[in-house]
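Given below, in the form of C-alpha cells, are the structures.
Okay, so chain A shows up in both of these, paired with chain B first and chain C after.
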Partner chain A sequence: MSNLSFMQDAFMCQMAAAEPWPEDASLFRPPEGGQILIGENALSLGVEVYLRMCECSFKVVTCTNAEFMAPSGKLPVLLCGKFVISEPTPVINFMKQKGISLSKDLPESEQRDLKAYIEMINNILIPAELFVTWAHEETLTQITSVRYGSPYPWPLNKILCWRKKQEMLTYLEAVGWGKDQRSLATVQEELKRCCQALAQKLANKKFFFGQKPTELDALVFGHLYTLLTTKLPDNRMAETVQSFQNLVSFCKNIEKQYFGHKT
Partner chain B sequence: MELKCWGGDWGLPSLDIDCLSALTYAYFAKVPFEIIPSLPRNTITGTLPELKQSDFIYSRAFTIIGIFRREGYNVDYGLSEDQFANTLAYISYIEQKLRPAILYTLWLDSANYTKVTRPAFSKLCGFPYSLWYPSRIRHQIEQNVVICKGSRFLPKLSDIEKILYKEAWTCMNDLEHHLGSTLYFYGNSPTTFDAILYGHLGLLLKAPLSSTVLQNHLHACDKLKSFCLRMESFLPSEMSTSVKSSPLSEKEPFYKNDIVISVGVALAAMVCYALTSGVLTERHSKLAEKLGTVRSDDLSEIDDID
Partner chain C sequence: MSPAYAREVQDTQEIVLENKKVLVEKVHLAGLQRTKADYLAEDVKPLFKCESFLETYQLSLICKRKLMKKGIFKEVDVLIDTTAAYKDSSDEGIQVIFKVKERGSLCGEAKTEMSNTEKPRWLMRIISPNLFGRGESLSASFSHSLSSSSVLYQPTDFSIGFTKPYQNDANMQLLLLQQKEDCPWAQYDQTFRGFKTVFDFPLLGNQHSLEWQGMWRELACSNVGTAFEVRQQMGHSLKSSLLHTMVLDRTDDAILPKRGFHLKLTEEFAGLGGDVKFIKERLESSLHATLFQKITLGLGFQAGFLLPYGTNNKTCITDKFFIGGPLTLRGFETNSVGNETCGNFIGSNAFWMVGGHIYTPLPFYWSRFGRGSWLDNFRFHGFVNAGNAFDIDFKATFASNAENAKKDIRLSYGFGLVYKFMNAARFELNFCIPIKAQSTDRLCDGVQFGIGVSSV
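Then we have the complex of A and B:
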C-alpha cells in the first residue's frame, strides 16, 4: 500500500523533519452517509483516529472530490503544510519522519509484530471490503453505484462509477481476490480468520500492545467500526465481526475515548 | 491424494512459490500424496497447486495446507492460540512485502528472466507451450506488480524495483531477528509458517540468478540462510531427483520433435530458395546443365551470342 515514489520518499525524509506541525493541517474525506464507501470510510476513519491519538491539531474537511485530490488516487488525503499525503501507510511514515510515532517506545519484537499485523489488515481486511463493495452484485447495484456517483449529474455519475468499477475489479484480480477467484462465502471465512487472530492478539487488554494505543489500534478501529456500523444488503460481514465480543468492546472504547463529543 | 504442481529444477521439487510451500508442508508433515508435475492448463481450476482429495478439488497453498491439517497431518498442534494468530499475521507480512520482490527478481529483472527463469520454465512447459507460456506468465506478473505497487506517479518499473527491494530487505531483517536462536520460528519443529516462508526463500536461494541484489541480502542473513538449509533436509533428495527425471524422460520425445521440425523447416526453406532462384533452369547452374533442364530461351540467348 505504500504508493509513494522513491524520489518523493527521499525528498520528504529531509523536508518533513525540518517543519513543525502546522496549525492548519487538514484531512480531506468524502461526506459520510452520502457518498463514501465502506473501504474508503474505513481508511479515513483509521487515519482520523490515528491523528487524534497522536494529539495533533487538524480539521476534517468533507468534500466530494477528495478522491481526485489524492496523489495516489486513494483516500484519505492529509494536507500538512507543504505536503499532500494520501493513504494510511504513507501518513504513518510521514509522521514518523516528523518524530511523531505511537509505537517508538515498544520493544523491538513488538514493533515487528505491529508491522506484521498491519500487513494482515492490508492483506485481508482491505481486499475483503473492496470485494464486497465492487464484486458483490447486490451491494454494487443497491449501494455502491448509487453512492459513488451521487454528487455528479446523470451521464457523469454512471461513467465515473463504471470506470472505478473496472479499476477495482482489475485490482482485486491482481491481488488474487477476483470475482471468479473468490465468493462472498470464502471472503467471509477469510474475514473470520483475520478477526480471530486480532481477537486473540487483543485478548483482554485495552489496546493491542498494552495500555497505550498504537498505529494498529487506529487502523483496526477504522475497519471494524465501519464494518460494524454500515448497513449492507448482505449483513454477513457485520455479523462475523460481531461474534468477537472483545473486538466490539474495543471499538466502543476507542469511540468513547476519541470521539466522545460525537456520540 | 494427488497434488498437481509446477515441475522442479535447481534442486527444488517445484519452481513456484505456492507449489513449493504446499510441497514443503506435505514433506515434513509426512502426508502420503502423489506429486504430478503439470501445467496450469491441465488443471480444473486453472491454477497451481491443485489438490485432488477423493472427489474434491482444492487450490491455493494455504487452503491445501488446511486440508492436510484437517486430514490429521497437523504439525501446528503444539502452537498456542497466540502463536497461531502470529502465524497468520506474518504470512500476510511475507505475502505483502517479500513475495512481490521475489517475483520481480525472477520474472521482471530482464537478465534473470532471459538467462534463468525463461529457460527453466520453457523446459517445464515442453515444446509448443514453451513458446508463449513463460512470456504470458511474465506479462501477468508485470501487470499485477504495477497495479498493486504503482501509482499514477510511478509508471516506471525501475522505480517500483527500488521500493520492492527496500521493503523486502526490511522484511528479511525483521524475520532474521524474529527467528532468533530457535531452530524454527515456533520452537524446535517446523510449522505451517516455516513451510510458507521456505516456499519463498528456498526459491530465491536456489535459483542460479545472474542479477543477485536480493539473493545477496539473503546470503547476508545468516540465520535465515541456515534456516533454509535446515528446511531443505526435509525435501527428500531421491524424491526431488525422481520428480526431476520423470518429466525429463517424458520430454525427450519433445526434444527429438524439436530437432526434426527445425531441421525440416530449414531444409524446406533452402530447397525453396534454390528452386525460386533457378537452380534447375538458369544457365549458370551446373546442376541444370548436367540435367539438361536449362530453360530454352536461355539457350537461344547463348546461341545468339555465338
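Then we have the complex of A and C:
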C-alpha cells in the first residue's frame, strides 16, 4: 500500500509538471464568518494571497467540511486539475513542480534565509495560534467551541469539538507547547521574539526580499493579518503584533495590493 | 417413573396410550431460579386443553421447543406422569413436568457471522441472557470484519444491546453501537456510531418492525486517489430516522426455498432532527416453485428509490443505492455499476434488479436427492440477472423516468453452484458472462464467488 503511494506520488509529480494551470482551480476553506478558527484562517489566507501573488486564476469556495476533504486533514485544500493538495508547504512545493515560484530569482543565500524564516513561522506562529485556540480556557469556551461545532446539530457539535480539542492538546504537548508547559504570557513572549525577527528582516522595505513578494510574504501576511483582525477575549496577541509598526503597514500594503476590492 | 405408574404397568399387561382419555391437571416447571413463572405460563397453558395422551405428548414437545427458543435455558426435559399420588385427583389425571436448567447469569460466545453487505466477520459476545427473570438480555459484542485492512485481531465494531421479549414473538431492543465499513468502490471508509431502538411484532401473520435510529456518520477518504466528487462529501453528519420494515414470508426455507413467496418492504424517513433529510423506500421479493420435486424455478425482484428533501436537497454517498455483486447483479463487481467519476462509484437514487434461476440437484446426484444427506444443501443453478441504477427525477414525468430506468440496462447470465451453509448463509460459485454493460462498470467476466444471506 505505502509503496504504491510512493510510486503514485512520484508519478503525480511528473504529471503535475506536464499539465498546464487549469481554468477551474479552486481553493476550499471554511466560511469566514461563523466557523473558521484563527489558525485555519491564517493558513487559508496565506495560501490565497500566495496564489494571487503567483497570478494564478482560481476561485475560493467556502464549505463547512473543508477540513475533512483535505488529504492531510489540514486546511486549506487546493483542487488543481486532478490534484488535491492541502496545507501551505505542499501547495508551494506543488507550484514549484509546475515551474511557478516566487523566489526562483533570489540568490542562493537569500533562498536559504527564506526557508529559515518559513521554518520559524511554522514553528512559532502555528503552535502559538493553536495554543490560543485550544489551550487558552477563555478563548476555548467563548470562541472555539462555538465556532468549531457551528455547522453541526447537537450533540455532534459538542462531540466533534471535544475530539478536536483532545487531538490538538496532544499535538501541542508533543511539540512542547502543552497546557502545562506554557502559559499565554510565555506564548506572547515567543510571538514577540518572532515578530522582532520579522520586523528586523523587513526593515523599511516593501517586501521581505526587496520589491518583489515571496512565499514568506504570503505566509507572514496570512498569520499577522489574522492575528490583527480577529477579536479574541484576550487581545494580547493582537497588541503584540500592533506594537511593530512596520509589520502592520506591511499587512495593510498587501491587503490593498491583493485584496483591493475587499476593503 | 412414579410408583403408582409402575404398579399400573405391572397390573395390566398392555395399555394403548395413544387414544387414552386424559385430563391434564397440573403442569410443573421445575428448576426455575431467576426466571419468573409468569413469563413462561402463557407458553405452557395450552397443555390444559389436551384430551388424549398423544395430544399431550405432542404438545409437550412443542412447548419444550418454545421454551428452548427463549434462549434462557441450557436444557429442558419433559416428564409425563399420573396424578395418582395427589389427593382427590381424577382417575384420568396426569401431570406434565418440565425440568429446566437455566443458563448462567453471564455467558460468552465467539462465532463467525455473515451479512449481505459485508464480508464475514468474527464476533465475540458477552451476554446476560435473563437479566430480570423475564427473558431480558443484556449483551456486549465486539467484532471485526474480515475484509478490513486493519489488523485482524483488533475489533472495529462494538455494540451493547438490551432486549426485552413480549408475548407472541414481539420484542423490543435497545442498541448502542459502532460500526466500521470499508467502501473500496468509492475509496472511502465509514464509521457509524449511534443508537437504535427496534420494536419487532407480528401483525396479521406478517412480521413488522419499527425502528428509530440516531446515527453519527463519519466518512473519510481511504486513499489519496479518491475522486474529488467523493472527497467533497467526506466529513460528519447526523442522521435521525424512523424505519418501518414489513416481511411477508411464505417460503419453506430461508436460504434455498423450494416454494412460496417472500416480500420485504422497508421505508425510512430521515430528518427527525439531525442534518440528513430523505425518504427511502426499498422492496425485495422472490417467488419459488418446484417442478417434479427436484427442479426449482426462482424469480427475484428488488427495487428502491430515495427522495431527498429540505434546503440543500443533496444526498450523501452513504445513503445512495449501489448495485452489482456476486449475489445480486452477478457478473459485476460489488457495488461497481452505474454513476462513476475517476474510477469511483458514487451511487444513484433509484435502482431495480431482477433475477431468474433454475435450480437442480447436483449432476449424478439426482436419484439420491432429497434424502437428507448433506449434499442436499448443494444445488446447481443457471441464472439470468438484469438491473439498472439510475437517478430518478420526481419533477419530471413518469414516462421520462421510466425511459431512464430502461436506458442502459445491465444484463448477465451464467451458471454455478449454490451451497446452503448451516441455514444461515448462501455460498455461490458462479461462472458469469456479462452481456450488456457500460464501459465504466467493473465487470467480473468468469468465475465469481460470493457469500451472503439474501440474493436476487
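Everything below uses one rule, namely that the second predicted complex is superposed on the first by the 254 of 263 C-alpha atoms of A that agree within 3 Å, B and C clash if a C-alpha of one lies under 4 Å from a C-alpha of the other, contacts with A are read in each partner's own complex, and residues count from 1 in each chain.
Here is the rule we go by: contacts are C-beta pairs under 8 Å (C-beta built on N, C-alpha and C of every residue); 3 or more make two chains touch, one makes a residue touch a chain.
It should be emphasised that the depicted structure is a prediction, and the values quoted were computed from it without experimental measurement.
Set side by side, chain B and chain C differ in how many residues of chain A they touch, and the one touching more is B. Once chain A of one complex is fitted onto chain A of the other, the partner contacts of A:Asn65 are limited to chain C, with no touch recorded for chain B.
In the superposed model, A:Leu160 makes contact with chain C only, not with chain B. Contacts of A:Lys115 after superposition on the shared chain: chain B is touched, whereas chain C is not. Look at A:Val84: by the touch rule set out above, it reaches chain C but stays clear of chain B. When the two complexes are overlaid on their common chain A, residue A:Gln196 makes contact with chain B while staying clear of chain C.
In the superposed model, A:Trp21 makes contact with neither chain B nor chain C. When the two complexes are overlaid on their common chain A, residue A:Tyr171 makes contact with chain B while staying clear of chain C. Of the two partner chains placed by superposition, only chain B is touched by A:Ile124; chain C is not. Taken together, the two structures place residues 5, 8, 71 of chain A in contact with chain B in one case and with chain C in the other.
Those residues of chain C that touch chain A in the shared complex are 149, 216, 219-221, 223-225, 228, 231-238, 273-275, 342.
Chain B makes touch with chain A in their complex at residues 81-82, 84-86, 88-90, 92-93, 95-97, 143-144, 147-154, 159, 162-163, 166-167, 174, 177-178.
Taken in their complex, chain A has these residues touching chain C: 1, 5, 8, 63-65, 67-69, 71, 79, 82, 84, 152-153, 156, 159-160. Put simply, chain A touches chain B in their complex at residues 2-8, 71-73, 108-109, 112-113, 115-117, 119-120, 122-124, 170-171, 174-175, 193-194, 196-198, 200-201.
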